[in-house]
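Chain naming follows the written order as A, B and C, and within any one chain the residues start at number 1.
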Amino acid sequence: MPHRKTIPGVWRRYPQRYRLKGNRCETCGEYFFPPRVVCPNCRRKGKLVDYEFSGNGKIESFTIVYTPPDGMEMQAPYVLALVRLEEGPLVTAQIVDVDKDEVDIGMPVKLVFRRISEDRDDGVINYGYKFTPV
Amino acid sequence: MRKVAVVGVGMGKFGERWEDGLRELSAEAGLRALEDAGITGDDIQALYIGNMSGGRFVGQEHVGALIADAMGLNPIPATRVEAACSSGGLAFREAYLAVASGEFDLVVVGGVEKMTDVLTGQATTTLGGAADQEWETFFGATFPSLYALIARRHMHEFGTTEEQMAKVAVKNHYNGARNPFAQYQREIKIEDVMNSSPVASPLKLLDCSPITDGAAAVVLASEDLARKITDTPVWVRASAQASDSLALHDRKSLTSLNATVVAGKKAFSQAGITPRQVNIAEVHDCFTIAEILAVEDLGFVKKGEGGKAEEDGMFDLNGDISVNTSGGLKACGHPVGATGIKQIVEISLQLRGEAGKRQVDKAEIGLAHNVGGSGATAVVHILSR
Amino acid sequence: MVGIVGYGAYIPRYRITVEEIAKIWGKDPETIKKGLKIVEKSVPGVDEDSVTIAVEAARNAVNRAGINAKDIGAIFIGSESPPYAVKPSSTIVAEAIGATPELMAADFEFACKAGTQAIIASMALVDSGMIKYGMGIGSDTSQGRPGDALEYTAAAGGAAYIIGKKDTLANIEAVYSFATDTPDFWRREGQEYPRHGARFTGEPAYFKHVISATKGLLEKGGYSIEDFDYFVFHQPNGKFPLVAAKKLGIPAGKLKQGLLTPVIGNTYSGATPLGLASVLDVAKPGDLILATSFGSGAGSDSFAIRVTDVIEEKRKKAPSVEYYIKRKTYLTYGEYVKHRRKLKM
């Protein structure tokens, strides 16, 4: 039986997963997604403030996943990519509504809101970010 | 810190071991290591165990205590070490430091993983624990997919081909067929890899290391004790470790594992040698692309030239540097916590001239390279006679 | 007077044709296409549902409105295919657009008119001064029973409307609602698919309520049919709206822009809201629109909406309904069954 994700664990990340809420260090100017608890450059000298990303980005690498983890069987095969957000950070996310033969490095993409996984058929549904070609 | 040597090694056959659990696998490897060293259980002062996930594979935590108990070693200290796929290598390092520091004179370090009791889906999910749960795995990243993302980028930046990656698997199967402990005893061809079913493009089934049960163990002793125990001590010339971001998307480079680069440089510096002086290397080929990255990041070849070097046979058995003579993770198998220790076993056997059909001519300096996850931990050891 | 400050539409990209479905049941597709006046319908992606559709529509509405989502004081979503039987979809939408935590939220059910009812509820809260902006959404991914006539039309889509008092791109001049207890179409708790009364869904249900509500609006607002430039009716198939129009003396041409079912199917709670959005995508300042929804069970909401000159600037800030209609990928029946989770795993 697949391991259930914890409810507090998924709820805690809604703003990040629903709206790409990250943060930015005012001291060094770098943008972070996911948000950092400590700026890796400035450490305690850094001042972190909330920042919601635009959702625009480009594909930096991609793969087509044929052997999905538990809970994502119905979506397979799917495109998984590393998306470079225009503000700087790199995120791991699926690319949807795209012809698998057309995905390539450099493709511009934008944020969409989709189901990521669900906890069997009686548990919580996990929503979050995916991307689609512009 | 004083010098430390490997004075005994042992392992069991890697594969699907239906009859055996953690206790049986550990005992088999441990007893062989003690036999090989010619010592008894009373001589052991501490036990270190590399094990990634007893909990999620067989529901068992507290694995250090489990094995000390199973081997009748109580009340010596027993410590389980975890760093995903580098649990074994890191356990070896912790054991080495314990002896080098003077805290202990003789310890046993083993690695064990029991992966085949669960279905493949659960095993995949558990292995995914080596990645970033919240920001990689949650979104559908599987372990193969992370290395696939690296492979795609390596192909894009350096022109590495799928055939060059396939050569790594072919080479390692050739070696594995000469290793009685390897999970796979058959040779394969490039076409076999190219035609195997896709897992996460461009990686196919035969680009990926398997799910395996197994254990390996080595005995470590301080210099004075080592010389008393054996005529063929294998000296630990360097032990180094480095870290990098947990998630692939937080790395500075997608085609280089900086933890390997840093640990490798530290190790070569400690041993006072250059990369090309290494004769044999057990590197972390969890996927074929990982070996290409390893030979580049360790400095055997320049960044981007790993694929061509593999293709040209540079790392074949008795090539410039014999890489993964054990069969690597690919053909020998990858019982996660055991792999790092198996690497030490293989290097030791090679340096002692006891590697049978896969013996490397003039094996003098060996290197073991063990990576955790997609590169968040790297452990490098250099051994010699 | 309150009006529409921003509106947004969303239709999933997948489609299945009448031919592809008819093939499975051995039916003649041409007969069905002629009878229902439909060519193909939209199908949600495997990772889409009425909530994800509502979020995309809501984000488009916020972009057109140009407001801070935190100023939205109410979010109501109408649907008959919510992902949870108990747990509001509206709070998920609220979190996704950043409107939490100072707002009220609730999910509405009234078959296909839940969306327009959500809009009216927002209007009342804004008009009374209780909130600055309110959002009403109609979104559905309704299931069609395999082999039933509704399999050809049950589709997926949604639209969101932000109601406010200032900077409106269209003002809602009058509203009239008409509701009775009429069991024409229903789904019991725990049942996979709805059931319906076949021909009973016509005269006593759809036509009685759509026509009564429309006539009621005309009388209440002092309008005549000739005053209106566009008409949007609830559209369970491509035929019923044309029949209703004829009964009311409406020229068929004025229905065309708001009649989407022929190319995307019946998006249930999203149908009238999407039809209205399609009209708003092209309407000129000063145009008067009449929109009448219908929900089984049964009832209709009728609106008289006057377009302002703010519309030209605002409508380009999000994709048009036509954009969503044009982008499509066809599915085979097997893929459709997988997308719609009809497979027993």
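Just so it is clear, a residue touches a chain if its C-beta (ideal position, glycine included) is under 8 Å from a C-beta of that chain, and two chains touch if they have at least 3 such contacts.
None of these values were measured; they are calculated from a predicted model.
In terms of inter-chain touching, the protein chains here are arranged end to end in an open line.
Closest to the middle of the protein, by Cα centroid, lies chain A.
Farthest chain from chain B (centres taken as the mean of C-alpha atoms): C. The distance from the centre of chain A to the centre of chain C, with each centre set as the mean of the Cα atoms, comes to 30 Å. Measuring from the averaged C-alpha position of chain B to that of chain C gives a distance of 59 Å. Counting only residues that touch two or more partner chains, chain B has none. For chain C, the set of residues that touch two or more other chains is empty.
Counting only residues that touch two or more partner chains, chain A has 75, 94, 116, 130. Chain C meets chain A in the complex at residues 13, 45-49, 51-52, 55-56, 59, 83-84, 92, 95-98, 329, 338, 341, 345.
Contacts from chain A toward chain B in the complex involve residues 2-3, 5, 9, 13, 17, 34, 60-70, 72, 75, 78, 80-82, 89-94, 105, 116-117, 126, 128-130.
Of all residues in chain B, only 56, 121-122, 124-125, 128, 132, 134-142, 144-145, 148-153, 156, 197-203, 247-250, 254 touch chain A in the complex they form.
Within the complex, the chain A residues that touch chain C are 14-15, 18-19, 52, 73-75, 94, 96-97, 99, 112-116, 125, 127, 130.
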